Amino acid sequence: MTRWERATSTPLTIAALVFLAAFAAPILWWPTPPEVVAVCSVLALLTWAAFLIDYLVRLKLAPVKRTFVRRHLMDLLAVALPMLRSLRLLRVVTILTLLDRRARLRGRVITHLVGATVLLGFCASLAVLSAERSSPEANIITFGDAVWWALSTMATVGYGDRYPVTAAGRWVGAGLMIGGVAILGTVTATISSWLIQHLDTSNEVDRLQAENAELKRRLEG
Amino acid sequence: MTRWERATSTPLTIAALVFLAAFAAPILWWPTPPEVVAVCSVLALLTWAAFLIDYLVRLKLAPVKRTFVRRHLMDLLAVALPMLRSLRLLRVVTILTLLDRRARLRGRVITHLVGATVLLGFCASLAVLSAERSSPEANIITFGDAVWWALSTMATVGYGDRYPVTAAGRWVGAGLMIGGVAILGTVTATISSWLIQHLDTSNEVDRLQAENAELKRRLEG
Amino acid sequence: MTRWERATSTPLTIAALVFLAAFAAPILWWPTPPEVVAVCSVLALLTWAAFLIDYLVRLKLAPVKRTFVRRHLMDLLAVALPMLRSLRLLRVVTILTLLDRRARLRGRVITHLVGATVLLGFCASLAVLSAERSSPEANIITFGDAVWWALSTMATVGYGDRYPVTAAGRWVGAGLMIGGVAILGTVTATISSWLIQHLDTSNEVDRLQAENAELKRRLEG
Amino acid sequence: MTRWERATSTPLTIAALVFLAAFAAPILWWPTPPEVVAVCSVLALLTWAAFLIDYLVRLKLAPVKRTFVRRHLMDLLAVALPMLRSLRLLRVVTILTLLDRRARLRGRVITHLVGATVLLGFCASLAVLSAERSSPEANIITFGDAVWWALSTMATVGYGDRYPVTAAGRWVGAGLMIGGVAILGTVTATISSWLIQHLDTSNEVDRLQAENAELKRRLEG
């Protein structure tokens, strides 16, 4: 981690949280008063500027520009494409990891998993509500509906009592399904790895170790 | 296990079962006669008192209070928050383990899995029925509907012929989905670990062992 | 395998297939002519007698009766409880294994998986159709509907365009969901075990083997 | 890879892409002008001829005919059965692998996974739309509906707002479900294998290696 990255870590995380608030406020506060819309637009612009400046500085500091661009493609997308600006929120998940740096790999996976699930579910709920609310045939019309829909989609239950009907809402749904599949896969994988690690296989390793120890004793004796 | 824990193990398990009965009776016996409501309220209060006393005694016996509180957070929640009182039922799952203490890790995982699935499904069915029954738009109106809904949710099938419509019912659904995902993940993980353990990988270990044995023979010869 | 088991293997498999045919015919041939009903009832009775005799002979030949009963609980259930008679069909899955005895563990798992999926799906389709057809509110009324419902349930998709409404149909659904979860878990586990076996972990084992080989060379040199 | 296979690799991949275009065009361009239908039929015939010739030449070049037929059963099915012609599209997935030949096993699995998911989803969307569009009770009537249905089926969410009602559409759905289950299983398996490989188990191997190294040092000293 360079000095710049250490110095900007906290401000950028705050910027990501401000961005999340500026994204959530006009959707949850409905109908939105024009002043709130204005304030949130300004805040969204400011956080975007912060991420843009950070990207440009890091690009300038990088020894090989091309390698930097290739390795930080997600950062570029998050800055360049307004549609993918939610990628900036990934920074919020990163805080959880910082709090838990001493944790082992599985601990970090679990922290990321919970953080990503909550963040993905919350953002997808907001996005689908914002997309659907204006449609006359929509059945997702309150934030409660949106959260319920997001949860039942991520768990791949999909009752079908709530579902997006607009093209924008379906894009959100597509992203949520892909995220949900990844999350479910990671849950199973984490449990699998735990089980496999604590199972009798280890007995075999123990036996090998014991044999090695005996070999060593014989060499010494 | 301290002497206190050995002594209270059976009474507390009985208390958990009584609590389950007192929770189930007024929901299954509908409309509930006022006397049944009264008896069940008293029983629920008594079992709560039993768990509270047990918590306080164990807290008093603990050498370092802070460590005890941190390690038994779930017990604290189960005693302090009436909403999370179903956590006390986890004790019922524990009995299954006691019956099967000699079992190996995978055996214990399977026992817990079956116990947790049945208990979670049963409690969620009761809770959702209790939440939905009073709503005019509800489609979960009999215990059969509730069990069918719980099962199709835990298996992540989610037909959508039955689904909660009240906020309370959706909270139950959210808990059930999270539980269902964990259960499904554990099922897959258990099968995975079994397969991986019995597969040809072990051949590699066998070969290593054979080589070690040969090394040993040469050292001795 | 005792002599009796070798001698009865083929006849009992045929009996299981006859049982399957006698189970399927009156459901697929609808409305069933009374003669077909009569013939199928007789065939079902005969196959039951065959399984009963086989169980009793094996029980008599067993050195320790109690151990035999405990180890062949499923056979006992399949013979004693008419409701669980479909367990006898498991014998049909066994043939697939016989054809493929030289296969390694994973091969046998795949064979069982495909056999069990087809058999489970087919039997559940028949059973749900038989249960639902007579109900006025049923939406599963043709064999095509039943197969489509069974497939979308086993894959845990659960569109909800077709679903059982009778108690009997829901019991079939419950069994199918549990079977579907087990099948899905096994699919994932089989792929997992394959991947893990062929991955770079083996490189580590290779390195260990190489080191052992070097040790051996040094001892000899 | 024989000389013939190297020489035909690029042309056959182009043929598969042309086949895909000739399959997609009349479905997406609706109602299809008769000239487009005619052109697409001719293109489909030509690509079929290309695959047939390739199969026959490879059969002729093969030293043992029977082994070749058994090992390339999928190629035979793709050429012989018009219904299974979509198997020819698998060649398109193969390109992705060629681009990434240096990748390790897990890299190749991920490439195949993404390629197969996109191709399967796209083809199933086209096929279901083509099957359903003409039915009066159909609810999948635009390409957007079809893609949304395919995605929610592959993720096993299955809202049930869109589902096939014709026999042909349900066959497509059956194939998509089986493919979806395989894809989900592979996703979980890939994450599992990554986690297991990077977990503390490796510590055990490290310890064994360290012990071996010490043994070696002692032998040398």
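We just call them A, B, C and D in the order they show up, numbering each chain from 1.
Methods note: a residue touches a chain if its C-beta (ideal position, glycine included) is under 8 Å from a C-beta of that chain, and two chains touch if they have at least 3 such contacts.
Here the structure is a predicted model, which means the values were calculated and not measured.
Superposing the C-alpha atoms of chain C onto those of chain D requires a rotation of 90 degrees, given to the nearest 5. Ranking every chain by how far its Cα centroid lies from the centroid of chain B, the top place goes to D.
Of the pairs listed in B-D, A-C or A-D, the one whose interface repeats that of C-D, with over half of its contact pairs matching by residue number, is A-D.
Copies chain A and chain D of the same chain sequence form an interface built mainly from non-equivalent positions, shared numbers / all numbers used being under half. Averaged C-alpha coordinates put the centre of chain A at 29 Å from the centre of chain B.
The set of chain B residues touching two or more other chains comprises 156-160, 184, 188, 190, 192, 196, 208, 212, 215, 219. On the side of chain C, the complex with chain A involves touching residues 156-160, 188, 192.
Remark: chain C residues 104-106, 109, 153, 156-160, 163, 165, 167, 170, 173-174, 177-178, 180-182, 184-186, 188-190, 192-193, 196-197, 202, 205, 208-209, 212-213, 215-216, 219-220 touch chain B in the complex. Residue ranges on chain B touching chain C, taken from their complex, read 144, 148, 151-152, 155-161, 184, 187-188, 190-192, 194-196, 198-201, 204, 207-208, 211-212, 214-215, 218-219.
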